[in-house]
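There are two complexes below, and they share subunit A, which is joined by subunit B in the first and by subunit C in the second.
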Partner chain A sequence: MTHRNDRTLRVGALARVEGEGAMYVRVRGRNVEEVRLDIYEPPRFFEAFLRGRAHTEPPDITARICGICPVAYQMSACQAVEAACGVTVDGPLRDLRRLLYCGEWIESHALHVYLLHAPDFLGYPGAVELARDHRPVVERGLRLKKAGNTVMEVLGGRAIHPVNVRVGGFYRTPERTELVPLAETLRRARDDALATVEWAAGFEFPDFTHDHEYLALTAERYPLEAGTLRSTGGRAFTAADFEEHVTEHQVPHSTALHAHFTGGGRYLTGPLARYSLNRDRLSPLAREAADRAGLGPECRNPFRSILVRAVEIVYAVDEALRIIADYRPPPRPAVPVPPRRATGHGATEAPRGTLYHRYDLGPDGLIQAARIIPPTSQNQAAIEDDLRRFVADRLHLDDHDLTHRCEQAIRNYDPCISCSTHFLDLTVDRS
Partner chain B sequence: MGRPTEDRPDRRPERPTLAVWKFASCDGCQLTLLDCEDELLTLAGQVEIVHFREASSAAGDGPYDVSLVEGSITTAADLERIRHVRAVSRRLITIGACATAGGVQALRNFADVAEFASVVYARPEYVATLADSTPIAAHVPVDFELRGCPIDRRQLIEVLAAHLAGRRPHVPAHAVCFECKIRGNLCVMVAHGTPCLGPITHAGCGAICPAYGRGCYGCFGPSPAWSGTRPNTRGLLPWLEMTEEETRRVLSTFNVAAFHEAAEEAGPPEGPASAERAEPPRGPGGGDGR
Partner chain C sequence: MTHDGVPATIVIGVGNDLRRDDGAGPAVIEALRGRVRATLAVTDGEPARLIALWAGADRAVVVDAVRADPPRPGRIHDLGVRTAALARRPVTGHALGLGDAVALGLAVGQVPVRLRVLAIEGIDFGFGPGLTPHVAEAVTVVADRIAASLGRDPVRPAGRPSDHLFPKEDRSP
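Moving on to the complex of A and B:
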């Protein structure tokens, strides 16, 4: 039976997200009956073709899952393989990994804040259109993005799919003198990052909050390349226990698998979770910027994630500068990682959230099985739940306006569909 | 929250129009366009970027003067879509190893894709996919192919600038070895015995790996036909001093289908060290792969 108030909202191809996804929302009267984030990004089967590969290959191969966060894949892969082989990479090599990761955070966050997310708040279809009216602002964003890319180019050889990362460390470590010009670039970037927080704090944020359990790594420093998983619900576990605590399941509308807590419900990973669980570990400058932007001890409004990303850019720039200032070249670019028959787990903080890898190595050192759980598949259930409540409170809007706002609500999460496929088309159905 | 977005009235239809399309890929090659931080706004003044999903929610209808296509064809729906893209594009330029060679996902071409799907998905029947991952040129005429996993930013700008100026792009087709000489790199194979695919790999990256003390791993694919010959894979292999299995793996990554084809054309193997007919690595088989 079709009511006059039955509506279907559809977005066939979401814009300003990484990869191919769609939205479908069906409303019957006052009831939001179905909300789906359809992921039709073609599957690429990484976990299948990693079998039979050498234990040294996952960093290069899994980087190709995502051109936006290749370093995250390289870092989780290295950590997992090294764990399997019983090797710990520490000292300057670990700091250099953190520095490379800072570069990726700066690049990826600047991309999302300026090119993908801010146009929603300012009423433009994209940054190129935004630049027609606000060129200096977009130029600032591009300058920041470039600073992140420069870190990756110097340390990694190139910004997309860096070549210098290997299991055990690097192929070549930089001399102190190579990092000095980087520090100059980063000092300018620090001013740009602080200006970004101030700029974004002036946006108008819809009154909307959620109560998802948050999951993020926690460590001595703000989490990037390692740590213990903790949740706002009091869970605490290591990467080795990830699959005991998190279960993935398949839904028909998605080539991404959905993850939830084993025996529990949905959860959210990413900048909101990371900030809320690690605020005390921000650098003083980043914490002050968060205070000035009005971010409290935790952030529960996904629209304000743009502020958290801006604060994390400040942190990443600060941290990169700290690492460069303290850097002393290690005696060798990598530690040996002889393979053995074992299983290893890795979890690091990709810009979009916790990225988990597992490798089972055989007696010949070849990979027998691989498991990769990217942030967007973990977040998909929480995103759909947000959408459901967001739509329910805004049924007075016409289809065009409501659809547009739903798309914005999805972009709050910076979903990375290329990553999660194994993940998104927005359709609103008011049947 | 802003007003609904619409195309802006200051659109200048006399500028050439540019569209960017994505098929099976990691988004890295189209990100390369956004990574042209110094050139992006200038470029946006020279061409009208009318369709670029990753960068803008405005999407103008074709036809387009230039289409940049990222990704490989892996689903029946995408096969239909690439034909449409070709029909609405004056020039179609493929960017990156997925679009020019099928990408790393072409490893499925040498395996059982149903078995692959069963390893990743509990209900493989929900997943629609073709048995092979194929380059764009296997399905529609392509005007220019830009290689690399990922493509090089400078080369992308060169290709776009050349199109705007109405000239041929200067994209040298020699091997990575030439770039090592230009960059002044020490030869990692001669000096350190590090296996390097540079002699048989298409130039374009600027010889990054050897500059970082690592052997080239072939992410730009095989160097093209030179004087009517194929890259001398057979001549290189004994130099690599790798086992047959290692050789198979190193040739079976982001341009697996292209290296495979080049090796087949090079003829049958001659010695035990030759593995140019290298089969890509296969999983241990059986079980659920865990």
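Moving on to the complex of A and C:
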């Protein structure tokens, strides 16, 4: 029952998000008194598992945090350990890492765009119902996803938790000839990616904008495996200074730590931030696609994140093709990374946003302390703020409709609760 | 269909062997190594990956762990395509599960002609390796059942890459 002055809305389990958790919204009169993204899954203690392990182990251990974005964990882990050991991985090895990361972006974004997010805009309860009416569209999404998986298999050995990544590079690097069929697959995927942007540009987007400070890596190219952190508020710092600029804190309703800028201020990381801070670094093809889709220099409507993800798929496919075209096999698959007593930091752009790692190594190379700050946990405060404002402007809707819209608002962020800790349930309380 | 005209078969174990009984599917795959002529693969149940794995196969057998209420750990459910497609609530924390994969595959016409889903009821899906005793027993039963089934109707490997860098396809006679 809906009580106009005193309302409670509840959803037991949010659909089409990675992991499980809950949301609670309480409205009294015209005031949205409380919004909570409840994440109640027990902490997974990965930082604790890492203590006492060799400096070579974080890429394999942390990849297990997520089945959707394991490469992000491997890349941030490698970068942090290599920084600690004073080693720089460059040239073809760095390009191959970037190529592997492109594969992860393609498969993760294609999954979210087609199977998790698009049903919201087209009035379907899920991907299966969407596929029954729009089979060729979903087939296109599956082809794109498969193209990303193929990149992961060729470079990483397998699509889930790749086994070919190591500190210093790879266990094995491909010959040029091995990448030829991959390039053919990607050329077809480029057409599918462009069609995806055109298709998503035709959706109707709710009129909603936010003013979060955006945080993302910036680099010479569109950021993936490295870069300097910059914000729309003018902040600029390296991964080594991440913990000076970002403070994590516990809230009672979440087993995932919230994050804010030190000294106060929520922020948002992820595709909207990345695009808004790096639009001019997109490839010409991706930039043209963004132009045609009506994306301006900055995107402040989270519902349009599906468009940004589609543009990022175009970029990832285009970038993968560029890397393959320029590829010359390196003389060795990995550079030595001898351990030393030091602390190293790494930050890379996971599909859902900036992923930070820190490792304190002892003289024997064993890890004494580790810190991992995933994008979904950084974004919790911004998601809650979006919901608060989103609900306040739509109190005229009945409970069922409002609850449904809230779920959509959460899906805008493609939250990976499994990464932030684990699982999500939604409760909107108007009582 | 493989190049020599023999039907391609794939057996897929779905699950995470670090989430206790969720490792039943992968455990069945391990138990089948050296015993059947089929492509053996392990995956996490994400629909697009599952559909990509069984694409092109004439026959697929999928083994997954399920949760039931009331629970009867180790009970085996032998499901056809239509029944499996109705199981839309995933056991895992993933956004979509095995039931979605089958339903999605049907919607886009990407389901093998013969698809069989063997579901083993689990009880403990907590962190860590190792199956509970009844589930471990069921793994042996399911592996035997698959081996016998494929033995009666010998087939060749599907002849396409598995999701592993170093494929462990079983090609024994």
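One rule holds for everything that comes next: the second predicted complex is superposed on the first by the 424 of 431 C-alpha atoms of A that agree within 3 Å, B and C clash if a C-alpha of one lies under 4 Å from a C-alpha of the other, contacts with A are read in each partner's own complex, and residues count from 1 in each chain.
Here is the rule we use: contacts are C-beta pairs under 8 Å (C-beta built on N, C-alpha and C of every residue); 3 or more make two chains touch, one makes a residue touch a chain.
Predicted model, so just to flag it, every value in this text is computed and none were measured.
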Exercise for the section: Could you classify subunit B and subunit C on subunit A, in the superposed arrangement, as clash or fit? Expected result: clash
Handout entry: Touching partner for A:Phe49 - first (subunit B), second (subunit C), both, neither
Key = first
Exercise for the section: For A:Gly67, decide between first (touching subunit B), second (touching subunit C), both and neither. Expected result: both
Practice task
Check whether A:His400 is in contact with subunit B, with subunit C, with both or with neither, and answer first, second, both or neither.
Solution key: first
Problem - Touched partner set for A:Pro206, first subunit B, second subunit C, both or neither - result: first
Practice task
Return the chain, subunit B or subunit C, that is in touch with more residues of subunit A.
Solution key: B
Practice task
Kindly classify A:Ala131 by the partners it touches after superposition: subunit B alone (first), subunit C alone (second), both, or neither?
Solution key: both
Exercise for the section: With the two complexes superposed on chain A, say which partner A:Lys146 touches: subunit B (first), subunit C (second), both, or neither. Expected result: both
Exercise for the section: Kindly classify A:Leu111 by the partners it touches after superposition: subunit B alone (first), subunit C alone (second), both, or neither? Expected result: both
Handout entry: subunit B versus subunit C as contact partner of A:Ala159, first or second or both or neither
Key = both
Problem - First (subunit B), second (subunit C), both or neither touched by A:Phe121 - result: first
Handout entry: Doubly contacted residues of subunit A, that is, touched by subunit B and again by subunit C
Key = 15-20, 41, 44, 64, 67-68, 111, 115-116, 126-128, 131-132, 135, 138-139, 142, 145-146, 149, 157-160, 163-164, 418, 422
Practice task
Give every residue of subunit B touching subunit A within the complex, in rising order.
Solution key: 1-8, 10, 22-32, 34-35, 37-38, 40-41, 44, 49, 52-59, 74-75, 77-78, 103-105, 107-108, 111, 113, 115-117, 119-123, 126-127, 129, 149-150, 205, 208-209, 211-214, 217, 219, 246, 249, 253-254, 281-284, 289-290
Handout entry: subunit A to subunit C touching residues, read off their complex
Key = 15-20, 41, 44, 64, 67-68, 107, 110-111, 115-116, 126-128, 131-132, 135, 138-139, 141-142, 145-146, 149, 153, 156-160, 163-164, 417-418, 422-423
Practice task
Under the touch definition given earlier, write down the residues of subunit C that touch subunit A in their complex.
Solution key: 18, 43-44, 46-49, 51-52, 88, 93-96, 100, 103-104, 107-110, 127, 161, 163-166
Handout entry: Residue ranges of subunit A in contact with subunit B within the complex
Key = 13-20, 40-49, 51-54, 57, 60-61, 64-68, 70, 111, 115-116, 119-129, 131-132, 135, 138-139, 142-143, 145-146, 149, 157-161, 163-164, 166, 170-172, 204, 206, 249-250, 252, 255, 257, 333, 360, 362, 366, 368-369, 400-401, 404-405, 407-408, 418, 422
